[in-house]
């Protein structure tokens, strides 16, 4: 029997809400699948579209962006901006041939450790259904870092 | 979320009551539906805008239900301005059951000058005013029912009886007069063989005598003399006006057969103007609702005549505005109050309120759909 | 980078927290294989003194110019290890932390192999990031010597007095016309039975008299900007329609006012006028006119009343004041749970079911009945009173909005009510329906004994329902005496629902203004539940009292004093060090498109003409380091320090090397 | 015209056919057609069957739902017990994929598969939420003015509240509104929301205890001055109607309180005659009631 | 040395109580949601209309289930719950106590501790598809109100009954019934 596909998911989390929430999941010993590797940024507003494209181009099977609930942003509205970016990025990655479900944005507060665990579980399930990153499937993980910066003045 | 205040709205008989209740105090504002004419002045004057005019009742030829005034028990400040300004005394404000009048008591607001007097000296106690008054119970006619003739006038009656033993007209105590009149009683002394002379006593009750002199006529010895002096030729009792019930429409004053006997002053002065050309055919809403019967349809001149023109008798209109509230066509009726007769301090609040009352009142389209 | 990168990796066992799940030795060996790593080792507790010394010494020994500690969450110990790095002679921003505890060994305990794999990935990513880090110098800014306290209940009062006594100018903002908060509603306080007003009023007067306190009642915070040490706060002083400087508190306006409204302070048990003070001991003793119910009859302005004082002005507008403060204390307190939603208890349906706080007013000598305890239906003295404890607390029924937590005060105030009933009404028997009596404080358990000894009856069972006799208005309480194992139905004259406490409604607004968080139960979230319960994640903002969670008066006072102490630290220090995590603009590459101007929530980016060309720049003081401008800049001219594109990209690349 | 498959259950068709007949007739006035539901069985009785094996209970309930799914028709029913079985089976199987899998595995033995494509609704829910008290009021020809009605909601209509759509089960109003729309007065009585005592298999297991509960209910209703009991569940109906005869025999308490299903009361208000509503099949005579209305 | 009046020490010894930690897990699996969360407040018992007139104590049932005291399955009062769900609606811990009781009854059924009255209802369904089948008197009443003698259910279409019996068979209920009927005879 072939080994089950274990997706590699990149989590990009804001320091104040979701990262703290993920910490809380740990403090509470809530178990969830070990498929996510986390990059901590101060605010999801820092999310440069290039990060997502880079991650996909180097073979990430999914990217999970998560920040504060709407209205709770530590920097007032960074999560709003990020939400719009992600919405557009989901369309964009589709153009590149990725299923839009590979990119997801959620809003998880510092007190929602259990929800973080649920979100990870759900994301892992979704990606498992979608299968590995198509770039990996064709065995061509090259072209890394060749993604240009997307003009985003309309955000 | 707290237990108090408890705001409530309830109907007791023909009274619609709103209440603000705390543990130690209950404030009630009661609207007497029997008295309310739907004029809407309370809505105009409410400082809290806590009163709304409800839907107009069924418009019909036979009866006109007044629009219900709807009080918001939560918005109401229970200040009593509406109570004071209701021309029909339809509202009552009580605190723990006692009338609450502190606004007026402290001269925070004036009140209407209410003039409605009947001169008892010239009044003949006739029934004309009572019959003409459009409001029940406004005229209080306390005149005893005349069941016997003597009750119609006030008089004194005297009887003289000739008991002079020497006179040929001396009373014989025959008893005839006593037989026919309640005012006279004849008592005989018993005759004995020793004394066979007729003797006795004739008792007279003047209150029962109406001076008809039948005793004089019937006395066989002409020994009775009756005199009646009329002291007052007027019905007993008095006719007064209940100021709480009176609408100050002047129907009584205008119809009193004796001049200068009834003195009524209207609360408002101003004008009413009806553009009858706008009236929808067959609509008589205003006629039906007018509490003072100032609006009327003149009788048809000939059978089959359709467009009977509505008319208003300015003499009787109190400018209450009830007609405006039921009229279904915009700008058809115009009521304008120019003067409000009040006494007491004209406070700022009153001035603002009076300003609202003196605005031109005319139906708007929204009022349609009664 | 000119210099060759020499990074030291330090793996923490964290006792068995980490080492019990993964093989730390293997991880250290793995770290040694990574590019730029010059040294790697493991140790039981990296955060301990020897652990920190190890970092310091290794830097020197191995000539390191970057450090990575793989341990707990950076939200816990990043400052510790930064300091250790600094002490080793390396810029503290050349340190990076790999979270292999909270986000690895603790959450993947059952899959140790995969946890190991993840730990390797995380370490690799952090090493990659550390290789790209640049030295930064923290900036220091002066601190405004003033503080703001929001809410003037006992917590706010205590915090303000502490700050003022420490010589700090304090603005105390209260939304109600008087200070005092919920504590001023209470009659006696447990377990000592001091009169609440007696112990509170002197403090309230102190607040008014203290020259360092600027009291702003009937006011609300409208806007907050700035950062620790330099907050700009806009406060709306709602119009009382009375000039506070002219009002002498004589109360004549109240006497003549013809309007009658339920008094919010008395929970509607008593009426007040449109011109009012909430309660006689109010501070400041200045009247307020409730414009919603005022009919403007002018009686209060008349000669008999305010007349010559001319303190009343119906046209007096709200005033906006802006103050500058160095730190902020939030003390917004609590409300009571809307126990009407528990329909089985019939609150607001049955006349004689009251809440705990209403009972306080009924007992209070300054309350509507002058301290005569009566039942609302007929004014009679109750001879038997049922208490429903945990009314909405310890209850997970979300449909009813009930609260899962223990409200911490209800057991004790119900005991106190029981005592007062026994004392005031001879022969009255209180029946307390409880699940657990939580008498945890000093002398609390003894108070419980006392009430038992006085004749309070305790029935261990939660009340399932209350029914009313429609004629007598007596109530039947049904519960199971769980100790007997028998259902009991008891007829009582009055029922007191000891309802839960919930965060005050106004907390939400303050939370948004100060970008705070709340825990799932709605209370404001502290920086650390044990070690820092009075701080928040927003630097310079502190929590005092119930807004952070249910607590009783002694705990509130202690918490408030702690918050005041914490808030005074930056003020007394005179300056604060800000993380140098702000954006900078490479003006050569900037095209002057102004995109960054639009996205910055703080107005920190601006456009200036430099060498006859429009270029952007970032105001360091205003920038809070979210990085939104950096990711929006179309020409890549904005660099978000410590979170640069290169640093994050290198992490992503390292992430990809895992498969 | 909205069509439903009319799920009869057992007691309505097999003991109180008037309930079945009145439901069909009264619903037509609101353009609702209750069609014959071919091949339906017992729901099956939640108290008895659920108690023996919840999975078998769900599977048997799902069998009924599957029959309706094949016809693509939503199900309407008039019994709280049936409501519990079918509404809950439908609701749970739709929401819980694991449970659905388990039940479908059982159904596979008879070549059925639960799809989750239809709704299960109580007629009282349809009357209140789709038709509305106003329309119900408009359909009244003989207002039942002066009639004191003791309403019995029945437990499984409202509880457990987390699995129902009517909100809190402590002081519901919707049924009262529907009764008041007919001109009658809904009286409040002690322990109005109390169980009739029949459910959970108790009526067949310990009849005396089941009747003891009904006895208390009947006493409370009588004390409050009820003229008639109105319910929406034939099983509660049976317990309160036939139960009165049994209570008389066992405990000697006599109430003679007529019991009507809401649709029978509605039929009377709509001017139907007592015979076509099957009122003569009740144990407790409805004569005094008829005298009061007519 | 036992003095007079002192009882045999054996009387003081508690019987060895057997706790089965799996019982509550089984209850939760059979639909008794959150059953382990019970904190014994007694709201359920006090809400229970049957508890006021019988030995049924919902709280005690929950306690025994939680501790794993399997004797709860032998308790005849377990079958007194009318499943009115009042306890579940009022439970502050959102425990479906009624469903927990039903789950315990399920387990008891498997152990053939189910009352025969239940088995009889199963028999009726197995035979006719109805728990309460039609009868002669009712047929007349049906005709009187304009309905056919038999409803359009399994009474009219008996061919559907075999599906019902198949379900009873695969869920094991049929076997329990057969065995219990045999034992009772």
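A, B, C, D and E label the chains in the order they appear, each numbered from 1.
Rule of thumb we're sticking to: contacts are C-beta pairs under 8 Å (C-beta built on N, C-alpha and C of every residue); 3 or more make two chains touch, one makes a residue touch a chain.
Predicted, not measured: the structure shown is a model, and the values here were computed from it.
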| field | Set of chains whose contacts include both chain D and chain B | value | C
| request: Go through the assembly and pull out the chains touching chain C as well as chain D. | output: E
| query | In terms of CA centres, which chain lies closest to the overall middle? | reply | C
| Leading chain pair when contacts are tallied as C-beta pairs | D-E
| query | Which chain lies the greatest distance away from chain B when centres are computed from Cα atoms alone? | reply | A
| Whole-Å separation of chain centres (CA-atom averages), chain A against chain C | 31
| query | If you average the Cα atoms of chain B and of chain C to get two centres, how far apart are those centres in Å? | reply | 69
| task | Could you put a whole-Å number on the gap between the CA centroids of chain C and chain E? | result | 49
| note | CA centroids of chain A and chain D: separation to the nearest Å works out as 51
| said: For chain D, give me the residues that contact two or more of the other chains. | reply: 161-162, 170
| query | What positions in chain C touch 2 or more of the other chains? | reply | 344
| task | For this structure, give each pair of chains that are touching. | result | A-C, B-C, C-D, C-E, D-E
| Given the complex with chain C, which residues does chain A contribute to the contact? | 6, 8, 10, 15-17, 19-20, 22-23, 25-27, 29-32, 34, 37-43, 45-51, 54-55, 58-60, 68, 71-78, 81, 85, 109-112, 117, 136, 141, 144-145, 149, 151-153, 155
| message | Touching residues of chain C toward chain A in the complex: what are they? | response | 73-76, 99, 101-104, 106-111, 114-115, 117-118, 121-122, 125, 512, 515, 517-520, 525, 537-538, 581, 593, 595, 599, 601-602, 624-628, 630-632, 634, 636, 640, 643, 645, 648-649, 651-653, 655-656, 658-659
| message | Which residues of chain D touch chain C once you look at their complex with the stated criterion? | response | 161-162, 167-168, 170-171, 190-191
| field | chain B residues within the chain C interface of the complex | value | 1-5, 20, 22-25, 27, 47-48, 77-81, 95, 102-103, 106, 108-109, 347-349, 352
| field | Complex interface listing, chain E residues touching chain D | value | 30-31, 49-50, 53-54, 79-86, 88-89, 94, 96, 98, 102-103, 105-106, 109, 114-115, 117-118, 120-122, 125, 129-135, 138, 141-142, 144-147, 151-157, 159-161, 163-164, 166-168, 170-173, 176
